[in-house]
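Paired with chain B in one complex and with chain C in the other, chain A is shared by the two complexes that follow.
After this line comes the complex of A and B, so read on.
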């Protein structure tokens, strides 16, 4: 996957064709992460089959932990627990922790949980480096299973914030979609304009991990970088694409009011290792008329880590959907192609040291 | 701990950054510590009842920006003397429910109206 994020020869804006938007949306959607789920050995019921208490899954980045529960439960009940234990155990009491003891939230996309864990590891100097850096080269991520501990009792409800049900997760997801809509346009008309069946359909698309079902509805709310009206452009050819401009820099396309370059702000959150989440407005076009880029956004909000303009190299790197992005990536393109299913671009910031 | 090359014992020689975290800590970690500091500033939150939710006598509060939205919900429940389990739905700008782990600071930066973060509350679910 990382090969796509490091193709520096083309500015992202030259990817503003319908085929490439569909391609990147598909790549983001199909992204999966390896999880190793282990029942806390101290909580394993008597007579459990101890050889098998580990469950491995390649989970979709856009999915959520509550959506994995039915499959996980089936495995544990069928293979690991005996009938007596299966009768007593209540799924409502189950909850997850990372190996390091960090609580995993029900309402975070699984891809975000995975990336957030990777950047937190990057800040622990003693930990085995999951991110290796050579001098002068981009860091390389090593994909290893994220180890989760499954607890079977006494959930810390206050800290988990939400009950572990798929329904609560759906409500939180809808809230995030609406918040993203509000960030983009200053209202939630596009979301509230969806019929009930469409709102349910978008969630079913995630539950079933069905790209077409999800995007059939999501395309009504997530703006695209493709110009709505194509001015008399020559047929695509290699020479024509060399002259392709982003819609933003072409005043002729100003009527493309619903486009990714016309939103008030791109929904974006910055995640720092073991800590703060920073959310602020990210207009797609700067006051000087040039597209806002990831490096501009990062050096404005995290100037101590991203010193891009100076002689000193950056102290950190941005990870979106598991990919280390080139600094010149445009924010509008990120919002259109690399956002999570909830509409948010989650930028995890890892440390280089 | 990682040592800055060539300056294991002399913090004075390390690159100086606003983070104050002592010796032998990499500049990246120092920068991170700075961003982890809690914002002590306060912002004005204005509560507005929706539907037949009870109106608050005082509806302006200064709330520490570093708080999570969950703390605002708990504060509101306390002010309304709401019992555990009684339904209370909270929204920003009559539009959406934020994630409970989002901070007041983040919400204020993105959604404040005339210097206030407007929090609507309702006894029934509204706006989907």
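After this line comes the complex of A and C, so read on.
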């Protein structure tokens, strides 16, 4: 990336190559979070092996709790329960709770559950999560296991409409993909244009955690960043020649139409600690022709937290895929490279102490 | 892996199974994605337990033919030709609860069809919004028995 010379009047997006897009997509896909899953001790059957009821897993951010249930079941049957107890395990009665007693949204991607929990922690005054700002440097986050309690019975039905299941999860996932498609283009033609085998295939990519299977289909619906057409000065040929397209070729213009900078809005949601989810339009390019950036998006929607200009530093920080991103990150780039597998860029806003 | 089961809606085994009252929460919320009003709801029995989708569909809440020919699973009502389920579960946009909702993606077209068919529907400005909502409720009442419950 450092070979792109000294000219700074090109927006950074000019230099997004297919290689860097693939790199960030791979990084997002391979992201994992540590989970510590403990069965509620009160629900362990009489003959179970106590002391071993904790299961540790480095779970993919793009996966879902119901997809971990088969693995959990095997662990419980092998290590914790005796045969009699194992026979009566009913997964349809299982539900997950955080250490603080909050019912977990099993239909959310695991990465979002983790980041959402992290920002809730940031808002508690006696928070154990250490987030220090230093002078002008980004806050540092400690990555600690998210402690979950797995209950095997008596779901809190007044809050849980539906027990966790892989099938229901699949539908939630497909629904989010379609919504993201609609947000981008105002229609869902790209999703509905997929054959049934492809629609099933993209979910199988999640279930099996297979990057290639997932992106084989996702590449048909998720836009990519295209180098902006700049007839006056093409990118330096030295390192870009392997990837850059000739500026005047027709296929590029056709691809531009479907590119990440041409969507009508980037599918993005803002999560506040223990608070509402804000969803609003996020155009990729502002009216003045400049790209929409994370800092612009945040200071528009949360002006009291993200002060944008002036001497006062921001009162909050944005987490995307568990990372605090540079404020100049372009929204369109986020949509193309760091969205979740369900198509949505989830920005979790934590508070600085 | 759980399999979706094809179940015809059994109206004979209806609400007589529920002793006591049922509480139905109904909401009309703007869908942040589709930008149209969307109908969200949940139904609970007197102990606070939510009804399953099958039980919900047996209630005299929806018209009998509202979901004619549709496929019912534990989590949705689908039609094989449609790209979205007719009825699905999801997060209420503001209340942090899970609800069932009628999928809104076909709403805009259907409402505009209604508006085009009437004189009042051709109004402009604020009147247009009012007529739009009226048409939306007309559409909803073709599925729900009586919105006043």
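Criterion: the second predicted complex is superposed on the first by the 302 of 353 C-alpha atoms of A that agree within 3 Å, B and C clash if a C-alpha of one lies under 4 Å from a C-alpha of the other, contacts with A are read in each partner's own complex, and residues count from 1 in each chain.
By our rule, a contact is a pair of C-beta atoms (placed from the backbone, for glycine too) under 8 Å apart; a residue touches a chain by one contact, two chains touch by 3 or more.
The shown structure was predicted, so the numbers you read here are calculated from the model rather than taken from an experiment.
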*More chain A residues touched by chain B or by chain C?*
B
*asked:* Just checking: does A:280 make contact with chain B only, chain C only, both, or neither of them? Give me first, second, both or neither.
replied: both
*asked:* Just to be sure I read the superposition right, which of the two partners does A:219 touch: chain B = first, chain C = second, or both, or neither?
replied: neither
*Return first, second, both or neither, reflecting whether A:144 touches chain B, chain C, both chains, or no partner chain.*
neither
_With both complexes superposed on chain A, which partner does A:300 reach: first (chain B), second (chain C), both or neither?_
neither
_Touch test for A:290: chain B only (first), chain C only (second), both, or neither?_
neither
*Check the residue A:167 against both partner chains and state whether it touches chain B (first), chain C (second), both, or neither.*
second
*Figure out whether A:157 sits in contact with chain B (first) or chain C (second), or with both, or with neither.*
second
*On chain A, what residues does chain B touch that chain C touches as well?*
105, 161-162, 171-172, 175, 178-179, 182-183, 188, 191-192, 276-277, 279-280
*Can you list the residues on chain A that touch chain B in the complex?*
105, 107, 123, 125-126, 161-162, 171-172, 174-176, 178-179, 181-183, 187-188, 191-192, 199, 265, 269, 272-281, 302, 304-305, 312, 315-316, 351-353
_List of chain C residues in touch with chain A within their complex_ = 1-4, 32-34, 42, 44, 48-50, 73-76, 83-85, 88-91, 93-94, 96-100, 105
_Residue ranges of chain A in contact with chain C within the complex_ = 105, 157-162, 165-168, 171-172, 175, 178-179, 182-183, 188, 191-192, 276-277, 279-280
_Show me the residue ranges of chain B that touch chain A in the complex, using the header's touch definition._
1-2, 15, 17-19, 26-32, 34-36, 70, 92-93, 95-103, 106-107, 109-111, 127-128
